[in-house]
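After this come two complexes, each holding chain A, first together with chain B and then together with chain C.
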Partner chain A sequence: MRLGEYKKWAPVVLMLAGMMVTSCGEDDNGPNAGDNFDQKGFLEHVGSSLIVPAYQELEQKSGILRDKISSFIASPESSTLEEAKTALFEARIAWQYCSPYQFGPAEESGLVSNLNIFPADRSKIERNIENGSYNLGTLANNDAKGFAALEYLLYGKDVTSGEVIQGFADQPQRATYLQNVAELIIATAAEVYSAWSPDGGNYLGEFTSDGALGADAGSSLGKLVNALNLSFERNTRDAKIGIPAGIRSLGITIPEATEAYYAGYSLELALANVDAYKKLFLGQTREGVKGLGFDDYLKARKAATTSGSELPLDEAINAQFDAVLGFIDQIENPLDEQISTDNSRVQQVFAQMQQLAVLLKTDMASALGVVISYQDNDGD
Partner chain B sequence: MRLHERFRVLLVLGSFGLLSGCGNDDDAEAPISEVPTAYTFERNGLSTVDYSGQTDRLNMVAEIKAYITKGDKGEAVEASVLNDMFANTNSPFLSAELNASSKKLEDKTFVSEVQNIKELFEATEVASADVAANGTVAGEGVAGRLQRGTTDSYILVNELGWEFTQFVEKGLMGSTFYNQIFNAYLTDAKVGDGVDNEALVDGKNYTAMEHHWDEAFGYFGVPVDFPTGEPVLEASERRFWGHYTNNMDALLGTNALLMNAYLKGRTAIVNKDYVTRDQQREIIYAGHELVTAAVTVHYINQAIGNFNDGDIGNAFHHLSEAYQFVKAIQYSPKKKLTQAQINDILTSNLGEGGDFWKATVAGLNEARNTLVTTYQELEPVKDQL
Partner chain C sequence: MKPWVGHIFSGKVPIAPLVVFRMVFGGMMAISTIRFMLKGWVAELYIQPRVFFPFYGFEWVKPLSGIGMYLVFGLVLVSSLMVMVGWRYRLAAALFFLSFTYVELIDKTNYLNHYYFVSLVSFLMIFMPAGRHFSVDAWLKPSSAKQYIPAWSVNLLKFQLAVVYVFAGIAKLNGDWLLRAMPLKIWLPAKSHLPLIGPLLEEEWVAYAMSWGGAAYDLFIVFFLLNSRTRPVAYFFVIFFHALTALLFPAIGMFPFIMILSTLIFFPPAFHENVLNKISRIFRIKWPSEGSERQDNYRLAPVYKWLMVTFVCWQLLMPWRYLLYPAPLFWREEGYRFSWRVMLMEKAGYVSFHVNDPATGRMGQIANHDYLTPQQEKMVATQPDMILQFAHFLAGELKNQGLTDPEIRAESWVTLNGRRSRPFVDPTVNLVHQQESFLPKTWILPAE
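Right after this comes the complex of A and B.
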């Protein structure tokens, strides 16, 4: 713009600037102003009342899991085995509430890869135990560690508890493997919690800092929205439902790819996981205490759906969460048998999840001005 | 050659001090007062730019890639075809124009890499034949195919998880294209003060120095109006270094950085302003290197994400890209990253002994930190790359 042009437009620019000052003067929320939403308050609530407690819980439950496994190894009997199994289930539920937050410290520590890659590769686990030499950090061992590996070792395939216990007694290196996997879980969980904690790396401080406000790719909102979408699509919709049901695996059903194939509680894990996303959306703590959530953010933006639904976007998304949870409730445990006997009901869950994914990824992201920056493939 | 004679005369006049330079439209030696916005340079109304030989080689790599991709699709690939393409013998290309071209890739490829490329061709043949016959799935120490995520797209890898397509294509982008820019055309031997910038090359409308600069630009591989076209790159132009430069542009402003340097340097050569030419050379070396480092961080980020998805196919695809991009940096004699750092990334960070099956998130983070620390521009955008 040449100077002459600038002069010509200057009064208009000044006038517009003045209007902006008066229109949002009472409640200025920094870079994402233009609505009355307190973005910083939202990030502080989500960070300190949802994310940090979720990682704290994961660390705590993973610690108990490690201890219970040690007790089982020290005295392998059915009571200690049952306690280890319970501890495993609780740690896995705790994980479901961390699943939407795979950015920053979690990504740098490779949290998912150390905790929740499934299905586990049975033969690889057995080979590692047999060889006695393995590095659980490698990509090759991604599917030979984590909760799924512990589940396989504690439940076994087509064997009784007595045989499981005997297996550990017969094979000392089996016990070592079990402990090594549990140690890696607690070490990684502790690392991520410490990185988030204000007493540790204080990523929480970075997450809620003024510099991280706004909706750019590097902003906290941008990271959170991208991470929750990515994780919901890949770890929830595809991994828990789509792949075992054959929808994301070229039409071939893979019942053994369900999250808890040996323990048979895949549906509980799926329910907890969807609940975690719903609570994040509503800004609710695990106990159900409501604070600022995405729903409030969308209300402030007066966001509507792109599909032309009657409901405002926040209500449409909330209703779709309930639809997903309702359809999961219709399925019988264990999930792998449901897939084998009547896969159509599992496919319905996928369809409902797909609708939710569209609402979260397309409608919500664009209403908040967030660009979804991840891609399925690079295309090259 | 009447035209040619006329240039000689003008050159002599010009060398007396550009006295008649300004304001005379007929004077071919007139300095260019303003750097042009597109890569078009003329003398007496005729273009002085020609890099058709470079364009031929870009097209050759494109055909090699297209052929080797058959292996990813489960078909058998023949090493003899790839070797013929590499040496442009036995009319191996689909394009008759390329078969007729006097150019080939092999003699422009970094000497120590030629053998590695040929070995990759041989290994591709063996692995692709095995997959075509037996549908072999890759595993630790086993070459074969891997599915990328939940898509119906596959990659063919060797026993270390190296994707042949990426190793060959990106490998040649480094060992041929960068090698030629960095170690041939932008060196003193090709555009330094000792190179003829007075006489026109026999039968041509350019000086030797002008032409060498243009040949470097040819390996950059962008359209002459880069980056002002709409779109910046047509679909057919979205390849090689131009494509990756454009991909990094939103975060790093790499399009203007590199294009302006090529334009300014070329203008300076016409104007015989060798101080400016040398400044632009430095910017080009650093600019290409920055793009390459940024792309490497991008693919490392992708690979870390794939780790967390348990998606080995995509992880290896992205590690293959990262491996060859960081390796491409080694061809720059002015690189900021040391050879020892590059070796560390290749033989340790991306998996012990370069074995992707042995890669760890910790190792990938280490490689990323090395790059981000070396190229400070990447620090603020490292998570967005």
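Right after this comes the complex of A and C.
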């Protein structure tokens, strides 16, 4: 190119440069990058203060559950039954705090399938017990094991505690089944905890390693955000609320599909579960100690604060968590009766959860540059 | 016709650049196809999905079942290799164009600008004498070989590349890109863990510099490539720019490499002849003496001429069709595709489909993942035409389940370039009664 031709472009270049300078000077309400966020510190905090303790607690509570069930089987009476029921409740609460983290070891060990597929298939469980030969590892038995199966066996349908105890006395293989399900729970929970633990497989080290930083599909952030969204939509919003309330079946309610149909504490489980997501969002431990969370991450990215009246995204999401918790508080245990008597309030919970899912899956993921896709693909 | 116009079309130019382009293009397509198959995408994208989203007017294009899709990809691979070595060249180019384009038409979920580019280029190559030298065809039949070709073929390829770059540049001339440095202000900090450049990527000025630099690069690079004095520097920028995008955005796959190698077409014939000589030496190919150059008629046959003129006009007009639709384009996406809008926006959404059965008064919502792959779910959420297609698919499903006249409404939220998510389509409109057409969709809600 001759010099003359360069000159031709000079005004364009100067104009572009000029626009650039003025645009930088403008007070822009849009998101501003530039505030450094300690992503590694965030992952370390979430990994070592939230995820690993959650799995540790699950292992511990599952161990107690197994022991209490053994005691009950050894001496089937009302006091040991009550202790087993209490242990079951506590293990299930511990599970709620693991549910956002179904990636990595949890995924490899099939943690959800072994622990918390509900509703349990009563007739399948009874068939298995009757036959005496069953393989709890198969996909077909996903709804015949886990907490929901233990719950059915310990509470029974429309029977008294005495009848439950009598049932175990009458049918020795019933006790074996109970024991096998509990053993599978503790085995899987222990496997996952050990895989995360720095003393074991140290997935924590991998999760917080430099190679896993960033926001791409294979990064720790990518896995965490995708897993929490997938789990929130399917295991929380749909499984706990939407499906029993008939949202997915054209309004035909399925009260028996609630998480704790026989024990009647579905709402406590749902509240604990939403609390787990909220604590993850805020980077809070179970005890409420605050560290780096998604809220800080969003603050650092000054995410999505374009129009004046809106709350900043981190506050909006926090408020939406409270809205969900508030609407759950409005309904009454047992959830299946609430669905049968006044389903509209359950549907409201679903609507609030939907709104939360929108914020988590679109606004938050987008602001952090995380691609929501459980599928590997080229893009442009 | 003015002399220079005639020269662009029927001037006599050496065949070497076209031959190198043929080999590079065929080779890259073969590698891309193998990569695609190894990643398991044939099954994932074309066999497993329950629903497909064909383009408007191409609803008759359906995937083959099971092994059939593998055979199609086999055909894409074999024909790309045939193009590379120049065996039955014209047939190979036609087969490649048809098989590749067939695959792309099956599901717009997988639409990528560079797939569109590949379809266009392979279409053009059917008409080009790229197999007349340094090819199996020329080896088998030396009398068919040529040293020179009419200039239109090489120029048409340059034109096509110019269209890609310049329109990609024009597309960047918008407020979000230039004045808010969006979406780079979101995308770059997400890469701040990278060694060396990482910390820079969190700086706001870097997002601005790269937005403006990227726009300038796209707008002007072709002109610097055309000029022999600036070409070496320009090509250095081509490599630098595309290497940077490959590093920052690994998800764009083969695109940077396709552009880096395709732009070699701008280099002079001597460069390409050199390349061919080197290849001959490395592989110890001895070429039979090719037929002495006859006095060929380089004038374009009228049917070709009109085909090419139509092609050029279409290329120049397509990217502007969005002007016929209400603004803003990025929100509504009417006239968005086939316009070289590459890596231009951060858009994400969430859509729920509400079903109402007027006969019984029963209402519910669809679990999208029962029908859609994750990729399809993502695309449906932000693209109105796909929302409509899926609603119509659902209506069919529900009718099969016994509902006589189901109503389907979409409740959707979309975030664009970091703005808070907003309702995207009118949740009161029964989509079953809306038809796809080229007319603006009245049920898309305003962006702000």
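Note that the second predicted complex is superposed on the first by the 333 of 380 C-alpha atoms of A that agree within 3 Å, B and C clash if a C-alpha of one lies under 4 Å from a C-alpha of the other, contacts with A are read in each partner's own complex, and residues count from 1 in each chain.
Following the convention adopted for this analysis, a contact is a pair of C-beta atoms (placed from the backbone, for glycine too) under 8 Å apart; a residue touches a chain by one contact, two chains touch by 3 or more.
What you are looking at is a predicted structure, and each value in this text was computed from that prediction instead of being measured.
Going by the contact rule set out at the top, does A:102 touch chain B (first), chain C (second), both, or neither?
Touch partner of A:102: chain B, not chain C.
Given the touch rule stated above, what does A:93 touch, chain B (first), chain C (second), both, or neither?
After superposition on chain A, A:93 lies in contact with neither partner.
When the two structures are overlaid on chain A, which partner does A:113 contact: first (chain B), second (chain C), both, or neither?
After superposing on A, A:113 lies in contact with chain B but is clear of chain C.
Just checking: does A:313 make contact with chain B only, chain C only, both, or neither of them? Give me first, second, both or neither.
Touch status of A:313: second partner only.
Between chain B (first) and chain C (second), which, if any, makes contact with A:235: first, second, both or neither?
A:235: touches chain B, not chain C.
Give one of first, second, both or neither to describe whether A:210 is in contact with chain B, with chain C, with both, or with none.
A:210 contacts chain C only, not chain B.
Determine, under the contact definition given at the top, whether A:373 touches first (chain B), second (chain C), both, or neither.
both
Residues of chain A touched by chain B versus by chain C: which partner has the larger set?
C
Touching A:140 in the superposition: chain B (first), chain C (second), both, neither?
first
Tell me the contact category for A:359 with respect to chain B and chain C: first, second, both or neither.
second
Need the overlap of the two footprints on chain A, from chain B and from chain C, as residue ranges.
Dual-contact residues (chain A): 217, 234, 238, 242, 248-250, 373-374, 376-378.
Can you name the residues of chain A that touch chain B in the complex?
102, 107-113, 117-118, 135, 137-140, 142-143, 217-218, 223, 230, 234-235, 238-239, 242-243, 248-250, 373-374, 376-378
How about chain A: which of its residues touch chain C in the complex?
So the residues of chain A in touch with chain C come to 1-2, 5, 9, 13, 16, 19-20, 23-24, 26, 28, 30-37, 39-40, 210, 213-217, 234, 238, 242, 246-252, 301, 303-307, 310, 313, 316, 354, 357-359, 361-363, 365-380.
Name, in rising order, each residue of chain B that touches chain A in their complex.
The contact residues of chain B facing chain A are 140, 148-153, 302, 304-305, 307-310, 312, 314-315, 317-318, 321, 351, 356-362, 365, 380-381, 383-384.
Okay, in this complex, where on chain C does chain A touch?
For this pair, the touching residues of chain C are 39, 41, 44-45, 110, 112-114, 178-180, 182, 185-194, 199, 202-205, 207-209, 212, 216, 220, 224, 227, 229-230, 250-255, 342-343, 346-350, 352, 355, 357, 362-367, 369, 373-375, 378, 381, 413-415, 418-421, 448.
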